[in-house]
Amino acid sequence: MPDAQLLECFPNPAPAGDTGKRDFVIEHFSEEFTSVCPKTGHPDFGHVTLRYLPKEQCVELKSLKLYYQSFRNEGIFYEAVTNRIADDLAQAMQPKWMVVQTDWKGRGGIRSTITVEIGQRDA
Amino acid sequence: MPDAQLLECFPNPAPAGDTGKRDFVIEHFSEEFTSVCPKTGHPDFGHVTLRYLPKEQCVELKSLKLYYQSFRNEGIFYEAVTNRIADDLAQAMQPKWMVVQTDWKGRGGIRSTITVEIGQRDA
Amino acid sequence: MPDAQLLECFPNPAPAGDTGKRDFVIEHFSEEFTSVCPKTGHPDFGHVTLRYLPKEQCVELKSLKLYYQSFRNEGIFYEAVTNRIADDLAQAMQPKWMVVQTDWKGRGGIRSTITVEIGQRDA
Amino acid sequence: MPDAQLLECFPNPAPAGDTGKRDFVIEHFSEEFTSVCPKTGHPDFGHVTLRYLPKEQCVELKSLKLYYQSFRNEGIFYEAVTNRIADDLAQAMQPKWMVVQTDWKGRGGIRSTITVEIGQRDA
Amino acid sequence: MPDAQLLECFPNPAPAGDTGKRDFVIEHFSEEFTSVCPKTGHPDFGHVTLRYLPKEQCVELKSLKLYYQSFRNEGIFYEAVTNRIADDLAQAMQPKWMVVQTDWKGRGGIRSTITVEIGQRDA
Amino acid sequence: MPDAQLLECFPNPAPAGDTGKRDFVIEHFSEEFTSVCPKTGHPDFGHVTLRYLPKEQCVELKSLKLYYQSFRNEGIFYEAVTNRIADDLAQAMQPKWMVVQTDWKGRGGIRSTITVEIGQRDA
Amino acid sequence: MPDAQLLECFPNPAPAGDTGKRDFVIEHFSEEFTSVCPKTGHPDFGHVTLRYLPKEQCVELKSLKLYYQSFRNEGIFYEAVTNRIADDLAQAMQPKWMVVQTDWKGRGGIRSTITVEIGQRDA
Amino acid sequence: MPDAQLLECFPNPAPAGDTGKRDFVIEHFSEEFTSVCPKTGHPDFGHVTLRYLPKEQCVELKSLKLYYQSFRNEGIFYEAVTNRIADDLAQAMQPKWMVVQTDWKGRGGIRSTITVEIGQRDA
Amino acid sequence: MPDAQLLECFPNPAPAGDTGKRDFVIEHFSEEFTSVCPKTGHPDFGHVTLRYLPKEQCVELKSLKLYYQSFRNEGIFYEAVTNRIADDLAQAMQPKWMVVQTDWKGRGGIRSTITVEIGQRDA
Amino acid sequence: MPDAQLLECFPNPAPAGDTGKRDFVIEHFSEEFTSVCPKTGHPDFGHVTLRYLPKEQCVELKSLKLYYQSFRNEGIFYEAVTNRIADDLAQAMQPKWMVVQTDWKGRGGIRSTITVEIGQRDA
């Protein structure tokens, strides 16, 4: 069951407000995401890209992996998974800007990609 | 025979108007499209990319597949197929913005791509 | 409906028995094969490779294309299609040696390849 | 829980003993296999290739997919999974010759492949 | 000898002025272009990309192929070929916007690309 | 018109009979071959690979290029071109062993390869 | 231990202020970077891209290599490494604009990229 | 020794000022550039891309090749080579806009790219 | 310091002698190997492939990773590293057959591969 | 001027005769070879692969690089270069078995490969 509590954060080691610091971009790309189609019960396999501009918090890598793993046996649609991950991460990190993109292997000969963007990169 | 009735929609699970929600992009990529050249009677093979920003409705994946399959024995030109798909999907989903692109295997040594865009992404 | 009558042959222009001639290998590779799954009614898409050592006859290219197209709306399994093509071509050309291989796009996340070999290359 | 009972077979449609028939090779390639590491509890992701020369029976494609899915939450090592799949399929189909190969995404920076061959191709 | 008379057009099947229609982009990509270097007499081989926004006319695909073939034995420089094709197509179709790009295999270890753009895409 | 007279040879600079010398393999790969289909009059485009074990003569590179160019406006089938090139080169160089392979771009959605081998590599 | 003292600079050979000169971009791409994860003690492997618009100084290539090597046994997080390299290089060269990007091999199935930009390219 | 005298130009065959003409872009890409590192004496190998918008003159292809070859035994740094080529070509052709980019194979595990732009594309 | 003691084994889960079992092949591929050149002191980076036919023991994956890491600061030549790894693994596992291959990134423009085979695969 | 004196050897660190040792294969692949065409005076660029089974001596890597560099301004044909390198290395190392392969960039649209093998791998 997806569990946002698994997400742990650590303080941004180089926040833009500090002397001589500036914004920077962090990307984490996972090729090992799986959940279950709520309609057919068959597993879905996808890649998840997280790209963000941190404010005060960064998500800790191992906790992110465990969080992704918590979707393993969840019946959930592509669109819902992607928005759920975006909401949970936005809640946990409060980033300046964030993109979550899921890229799914084909089902019935159709591959799909869902992209959620929160905030504006150059705001 | 192409049949727009096959297209079924479901409500956008995360519409931009809802609290804490925002626009997001959905892409469906099919490598298994075929129709027939009305001039020569020979089959055409192509890829179809659908990319859109949903408003209130999203197209259901299996219905999209059946809709694409309904072109299988239709005699129809590249340009007409692409505009037809765009019109049918715009009618069914009323998206904020949409691109339909078809990418055809070579005929007589020439490969072709047709791209239809409806609405403006940042409108 | 698959129609072996569509296959036309022409005499091997350089048969091994002629003065100064020797066996040679011909390959024809089609990326545009489609038939129908007899179980689900959904279309199957595949590539077909024909590789052979001609004896007295070679298959004419355009007739091969029309023969492949005759499977378009036939409900037939992967294994049956491949053996059917091999049998029809062996009957039509009587080659010294022949391989027919079909390579199918994924269905339910599984891609398949079927390979039929008739005769021995170095017999 | 891995369940060999899920495997269903159908009669070889072109057995070598029949008039004008000969051996042929069937390959099924799945990019969507996942099980669990029994040591760490983390999921493993891999590809599974099945390649065989049928005797009297062929494995049915959808049942193969369900059989693979039954490993989803099983804690089992790479070597054991591969031998288990090979044993179950050999038991179910009694093929003339068979190869099962699993190809695993990296764990700790090391990717692994396990290959089991049963019988001899040219026996 | 290059022959612009070979170019045939057909009416844009979905002109932007019609109800519910909008501009769309057509691309034709040929990998089989050859002409002759006027200096050395050696053949040149290239790819030709045509990308345009149609107004009232679209170029017919087979006529485009024959038009390209008419350069086969013409001695003509890279720059001249590209501008000639652009001029002939602009004359024939009167498109809203058009790009013609030629991409040439190496001569003396140097590969070349020539790009002509007519009109403005967002005019 | 194909012209075998264009082929010029030079003495093998390291013939196997000389002290401390041994057989070696030479390959020339051309991506710029074109001839004409005798049936349709349309140009054919292909790659030609020459691979051989020289005896006393090697083919000179520039003469090979001019020889290939002499097919430019010849109406000739795939099988005939390949056997013709093999015969002409065998006649000119008398190699110990030789392979000529032509690899043709698709016509009607089918790509073809023709392979002629003369002599035995390990004879 | 990371050692910024290792960085040596040489005067920009073509500074924008000189007659007939203009800004230009320099990129150095290293595929051989390694440091140590401070949490697990396991080595991390990555690629480092440096892209900059020089002002008066350019970093000398061999000194850059030695500087990168000085991280070999340092326990340091992805985010910190990247900001550290950016700060050290900005201090040493005072460039008009600079991007440092690190691209890390997967850890726990997740690959990461960190991107730091200093200054504005078109400022 | 680099020799700008080797560069020859010919008049732009389709200058923007002529009736019905417009600007167009020319690119020449050489994969066969070599010079010598002035520090170590070892050879450097790189690719050179020239991209420009001609005004009244275009550089002749064979003279460009000979000009590049004149750097073969010159001891010269990456940055200097690139600016030198840009200056010589700008002097010879007086283009509206030009980019020269050199892309160097690795030295000490670091690959480099230098990019010089002269003028503004849309000026 | 390379430390063969780090290597741990576990019993072959499917030894060929057991009922219904047969030999199988195990491969482990690491892209994260580094050691130090004893001559220059510069780090070397390579990939290590281990391929073997187990007898009674298999090497445990995490111990293999730690063993590889123990070469991190060792000054050792390509040839010696590869033979050392082969000897240590042969000693630890006593496999029926084994290949160790190292594939090194370029040094001075030359990439190298060293391959050690112990025993015979079909013995 | 090619100079075989530049080649230095070091004793095979793991000769097959020693206790517990066996033959192993060494490969060195250089992408940075250049010489001059004796006919046209234009530079040739190629890749050189050396693959051998050492007896008592191995070629030292830096000396190999300098030896290759000594061909830089030598006018010499493809076939002669390859046999020359093979002879010089065979003389210097006296390997059990050796292959030298050169792979040349295109000249006049034709790419070439020359392969010299000395001794028998399984002798």
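In this document, chain identifiers A, B, C, D, E, F, G, H, I and J correspond to the written order of the chains, with residue numbering beginning at 1 in each.
Just so we're on the same page, a contact is a pair of C-beta atoms (placed from the backbone, for glycine too) under 8 Å apart; a residue touches a chain by one contact, two chains touch by 3 or more.
Because the structure is a prediction, the values reported are computed rather than measured.
*Asks:* Quick check: more C-beta contact pairs in D-G or D-I?
*Replies:* D-I
*Asks:* Taking the mean of the CA coordinates per chain, how far is chain B from chain I in Å?
*Replies:* 51
*Asks:* Take the average of all CA coordinates in chain D, do the same for chain F, and state the distance between these two points in whole angstrom.
*Replies:* 44
*Asks:* Just curious, how far off is chain C from chain A if you go by their C-alpha centres, in Å?
*Replies:* 47
*Asks:* Listing for chain D: what residues touch at least two other chains?
*Replies:* 31-32, 42, 45, 105-106, 108-109
*Asks:* Spell out all pairs of chains that touch, sorted by label.
*Replies:* Pairs flagged as touching, ordered by label: A-B, A-C, A-D, A-G, B-C, B-E, B-F, C-D, C-F, D-G, D-I, E-F, E-H, E-J, F-J, G-H, G-I, H-I, H-J, I-J.
*Asks:* Where on chain D is chain G touching in the complex?
*Replies:* 42, 45, 105-106, 108-109
*Asks:* Report the residues of chain H in contact with chain J in the complex, numbered from low to high.
*Replies:* The contact residues of chain H facing chain J are 31-32, 34, 42-43, 45, 69, 72-73, 105.
*Asks:* Could you list, by residue number, the parts of chain B that touch chain A in their complex?
*Replies:* 12-14, 20-32, 58, 61-62, 64-65
*Asks:* Can you list the residues on chain B that touch chain E in the complex?
*Replies:* Interface residues on the chain B side: 77, 79-80, 82-83, 87, 106-118.
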